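Next come the structures, one after another.
Both complexes shown next keep subunit A, but they swap its partner, so subunit B is in the first and subunit C is in the second.
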Partner chain A sequence: MSTAPPLLVVDNLEAGYGQINVLHRLSLTVNQGEIVTIIGANGAGKTTTLMCISGVVKTRAGNITFDGQSITGVPAHSVVRLGLSQSPEGRKIFPRLTVRENLEMGAFTRRDHDGMRADIQKAYTMFPILEKRQSQPGGLLSGGEQQMLAIARALMSRPKLLLLDEPSLGLAPQIVVQIFDVIRELNKQGMSVLLVEQNARMALKVAHRGYVLETGRITFTDKADVLLHDPRIRQAYLGE
Partner chain B sequence: MFESIAAALGPEIYQYLLAGLVTGLLYALIALGYTMVYGIIELINFAHGDLFMLGAFFSLQLAIWVGAAGAKGQATGEFAVLAVAIMLVAAPVFCAALNVTVDRVVYKPLRNAPKLAPLVSAIGVSFIFMNIGVFWMGTYDLNFPELIPPTNLTPGYRVEFTYQHLMVIVVTLPVMVALTLFVRYTALGKAMRATAQNPTAAQLMGINVDRVIAATFAIGGALAGVAAVVYGLYVNSAGYQMGFQTGLFAFTAAVLGGIGNIPGAVLGGILIGLIEKLGTGYVGDQWRQPLIFAILIVILIFRPNGILGARTREKV
Partner chain C sequence: MSLRGAAGYWMVAGFVLLAALPFLQGRYIATYGTQLIPVLCFAILALGLNVVVGYTGLLHLGIAAFFGIGAYVTAILTTSGFPFASSFLVAAVAAMLVAAAVGVATTAPTLRLRGDYLALVTMGFGIITVSVIRNLDALTDGTKGLTPVSPNFFPGFDDPVFEKSRPGWKDSWRGYPRLYYLCLAVLAGVVIFLRNLERSRLGRAWVAMREDELAASCMGLNPAKLKLSAIALGAGLAGLAGALFAISQDGTTEPRAYGFERSMLVICCIILGGLGNRPGVLLGVVLLVGYDQIVTSMLDNWLQEQKVNPEGKEYLKVSGWRLFIFGLALILMMRFRPEGMLPAARQKRELHPERDEAAGERAAKAEAEAKDKPVDRGKKNE
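Here is the complex of A and B:
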């Protein structure tokens, strides 16, 4: 990581719902080629952070810069076009579209049909089960298959930065391992990743750097292996 | 077996079935407007029937302007083809524009409000539309010019199949086929389906959900406009209350088919049309409304998702 400017800069972000502020002066960066993780308890504000970055939740103060360009207040449907894609919490698969149609929706912003077809094939190579299920409605897949589909769908827009919200939630351990292998492999191929997880151990093992989010504030940040061995983190988030 | 039942019911069964089918196709067009808007923003657009009424008034006004109808709506015998052509283009545009405007002004500011707020507003819009109708054309029932003659095309057969029946089928069926193809194959159609299934995910895919909602109101409105023209030409009357009853029947059709479901709205429309005409024929006209609303209540109790209602509704 040289002196290149960060791919994503979140600067003093404030956001919330109704009367309540959920995020308080939250700042973080993701560099080109990095996996960065945000860990934190349920309700800390991790999903809100990602939804602000994606433009789904409105920011109340602060700035978000992506790839050298301010995306503060840019609507979600435009953010995708700039190269920022999200696999949301709970997968949010289109239940009555087939697996293949779900992937095609991921490429909604693209018009290069040959490239799209090639990328769908790539997704099938990454997750062979999706090819077997390609004509089934997304709503009939198992949780693990839906998670694979959600990641593959997010990749269909050819993002520069991939946001992943709790990809391990509710999945069997061997599926979680498989998902994290894919994240590592994507990163090896150059993908930058911002990963939100409650499974802090898995997340810190795969990430380069981490942020700890507590009730809307960043309380720790460091290299992932430092956090992994920090006694406070171990006690609060790794169950020791 | 059918022959023996038909024999017991008398030869008029065929005429009732035809009338039911044709009326049902009209209900289906209106039901599609309810179901598409519900599918996208879960709003029961109570003003939809009155939009249909205003579409009929607008068509009548056009016929008068063109010279195909006199001031009381009676046909003049001139410019019939021209008037029908203009109506079929202009009424859908008028209703689409009106529907989009109402969404923009009334429902859009309430998008994140509790569900009851837009629902009550829709009832308000319904009354506003009805009063506009009263100002426009008064409270008496009017003629809608008989621009398509009820000439029998099948003399000597048991069923009287007229130009008017033919017109309803020739207009409504292609519109429904086109809508189905549009929703299935175009980018906007796919965006509509995705938005209906998960609006947040749709946004994350790069879909402009506000634009999809506006397009849905436009399409639903245009269908109501087509229905208004065809209904006027078929029934040859119009009145400020026509949207209330027809709208409720179409809404019942949408619920019967499964609200939010496009083929369901068509199926429900045809079923309601058949029930209405068979009920009127065999039981009596005074039982028509109680019969239809009894059906609405029974569906809501026993099959709230309707016949084709979303079976794979996602739940997190």
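Here is the complex of A and C:
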């Protein structure tokens, strides 16, 4: 990439719930303009990692630095203002708000109404189906449409880094392809992405680099195409 | 949408009718007109609770405690037993502020509780508050209540004395119908204020947090702040309603009036009418409180006149059956129309999605047939 300092540095992160530690000295970096993916099985700690970065889950030890600024322990609602936006697992759209209202909520931290309107139009260009459904409540969209809405909503705060948690969850293969095309397209426009996925093949195809997470520890990390061809990864995560 | 618009018109028509009421001559107007004043107070109380339960989704079962705090603050600031002798205006503002402060102070430690757990804590808070009022003799005069509450309206001015302009009109602002008009005006002000608030940044943030707290905080909303602001506003409105209620009753009445039963009555009003929807909440108040305050006493008097119940036995009075009738009304409501009589558009969609889905599917099909195919072909050709 470039010589610029990394956008996100996670250093020796520890986190957990109750008496159980989920993450053990986890470190990773995301550089400007990169798609980085974390792959791993159920319960490996992928979502917890993202939740720690976005401030929803409290960290127990370690440091998180974003854009040259420590965000360890900064609450979720403040992290968004620094330019880090999360599309949570399971989409979490507001079911009774309309599609348009969902998008407007995504821009809650902003006050420039003209820019917001322009960004909503941009979202509609990216996902034309959302424009057709703009006055329908979010809860009535199909799973794929909801995922598109969740990504579009996360973009509404104009983040520097987009955190995507399992965007392929529960979607038809065709829709998954579509979603990943959008992720690639966003990255071409300069967006940095940290992508958590169980669908390792799709994730590694779209990402520049990857981390493999096993029971709270990073076990492999390399360029995505290297991981994609690594026999151990192929056996464990790609079903060969 | 059309229903919502219609409800708005009905609401305006209702206000006009209520405003015209004191000018109508009739056997019942003066008698029952006075009893409409508490109904208006309960309407403000219910709108306050609706901010907390309807918009923000925090099930608060102790709203009557804030109502009581408002009434007692007003009484303490204005009755002769205390050295304050404030005007009503000052007392009402103080009642709102104290109620809001108590709301924030008691909610702050419970911010992490959700759903049923929060409901239990707030219920406990309501019950404890009534016990405190009953036992804090030095301040509240125990079960007797503070009386009389008859302050001047403005600070620094003696009350204007009105010439009796019509038969049945009292000459003080606290008499019927001038107090009635004051309550009606305050209620109208609250309705307009809440209408604007619903469309504001804060109003939408409340709704988003009710929908999904995690997603809302990922959008940059601060859940703690939002919850506290909702409770502050709800409790403040309840305090204002309490101040008006104390004036209308010329005292605080007994502490029991601010207990669990009253909280439940207000909860029933907003559920029956339509959670989160102002016209619905007002309709619920008119039906339940109107029934409770006016219709039962009308029926009881009528039964008395008909010599059905000459000894005044409780079980032959309609008022003896009021809680039973509330319960029955709620059960029937939950069975046949769980979204309330005038639901907010959002709730209606959720509980009857088939209507919306059918409409959506029809629209999508029509669109697909009309547009999609040519567009898709166009894309493929590219």
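As a convention for this text, the second predicted complex is superposed on the first by the 240 of 240 C-alpha atoms of A that agree within 3 Å, B and C clash if a C-alpha of one lies under 4 Å from a C-alpha of the other, contacts with A are read in each partner's own complex, and residues count from 1 in each chain.
Methods note: contacts are C-beta pairs under 8 Å (C-beta built on N, C-alpha and C of every residue); 3 or more make two chains touch, one makes a residue touch a chain.
What you see is a predicted model, and the numbers here were worked out from it, not measured in a lab.
Novice: Mind checking the superposed model to see whether subunit B and subunit C fit together on subunit A or clash?
Specialist: Overlaying the two structures gives a clash between subunit B and subunit C.
Novice: Answer with first, second, both or neither: which of subunit B and subunit C does A:R184 touch in the superposed model?
Specialist: neither
Novice: So, A:G139: does it touch subunit B (first), subunit C (second), both, or neither?
Specialist: A:G139 sits against subunit B and subunit C alike.
Novice: Taking the superposition on A as described, I'd like to know which of subunit B and subunit C A:R234 touches: first, second, both or neither.
Specialist: After superposing on A, A:R234 lies clear of both subunit B and subunit C.
Novice: For A:R201 in the superposed arrangement: first (subunit B), second (subunit C), both or neither?
Specialist: Once the two structures are laid over each other on A, A:R201 reaches no partner at all.
Novice: In the combined picture, which part of subunit C sits where subunit B already is, 6-14, 24-32 or 366-374?
Specialist: In the superposition, subunit B collides with subunit C along 24-32.
Novice: Identify the residues of subunit A that lie in both the subunit B contact region and the subunit C contact region.
Specialist: In subunit A, residues 54, 56, 75-78, 80-81, 85-86, 88, 92-97, 101, 104-106, 108-109, 137, 139-140, 153-154, 157 are touched by subunit B and also by subunit C.
Novice: What residues of subunit A sit close enough to touch subunit C in their complex?
Specialist: Residues of subunit A touching subunit C: 54, 56, 75-78, 80-81, 85-88, 92-97, 101, 104-106, 108-109, 132-133, 136-137, 139-140, 153-154, 157.
Novice: In the complex, go through subunit C and note every residue touching subunit A.
Specialist: That would be residues 201, 204-205, 207-208, 211-212, 214-223, 346-347, 349-350, 353, 356-357, 360, 364, 367 of subunit C.
Novice: Quick check: in the complex, which residue numbers of subunit B touch subunit A?
Specialist: Listed in rising order, the residues of subunit B that touch subunit A are 187, 190-191, 193-194, 197-198, 200-209, 310, 312-314, 316.
Novice: Flag every residue of subunit A that touches subunit B in the complex, lowest number first.
Specialist: Listed in rising order, the residues of subunit A that touch subunit B are 54-56, 75-78, 80-81, 85-86, 88, 90, 92-97, 101, 104-106, 108-109, 137, 139-140, 153-154, 157.
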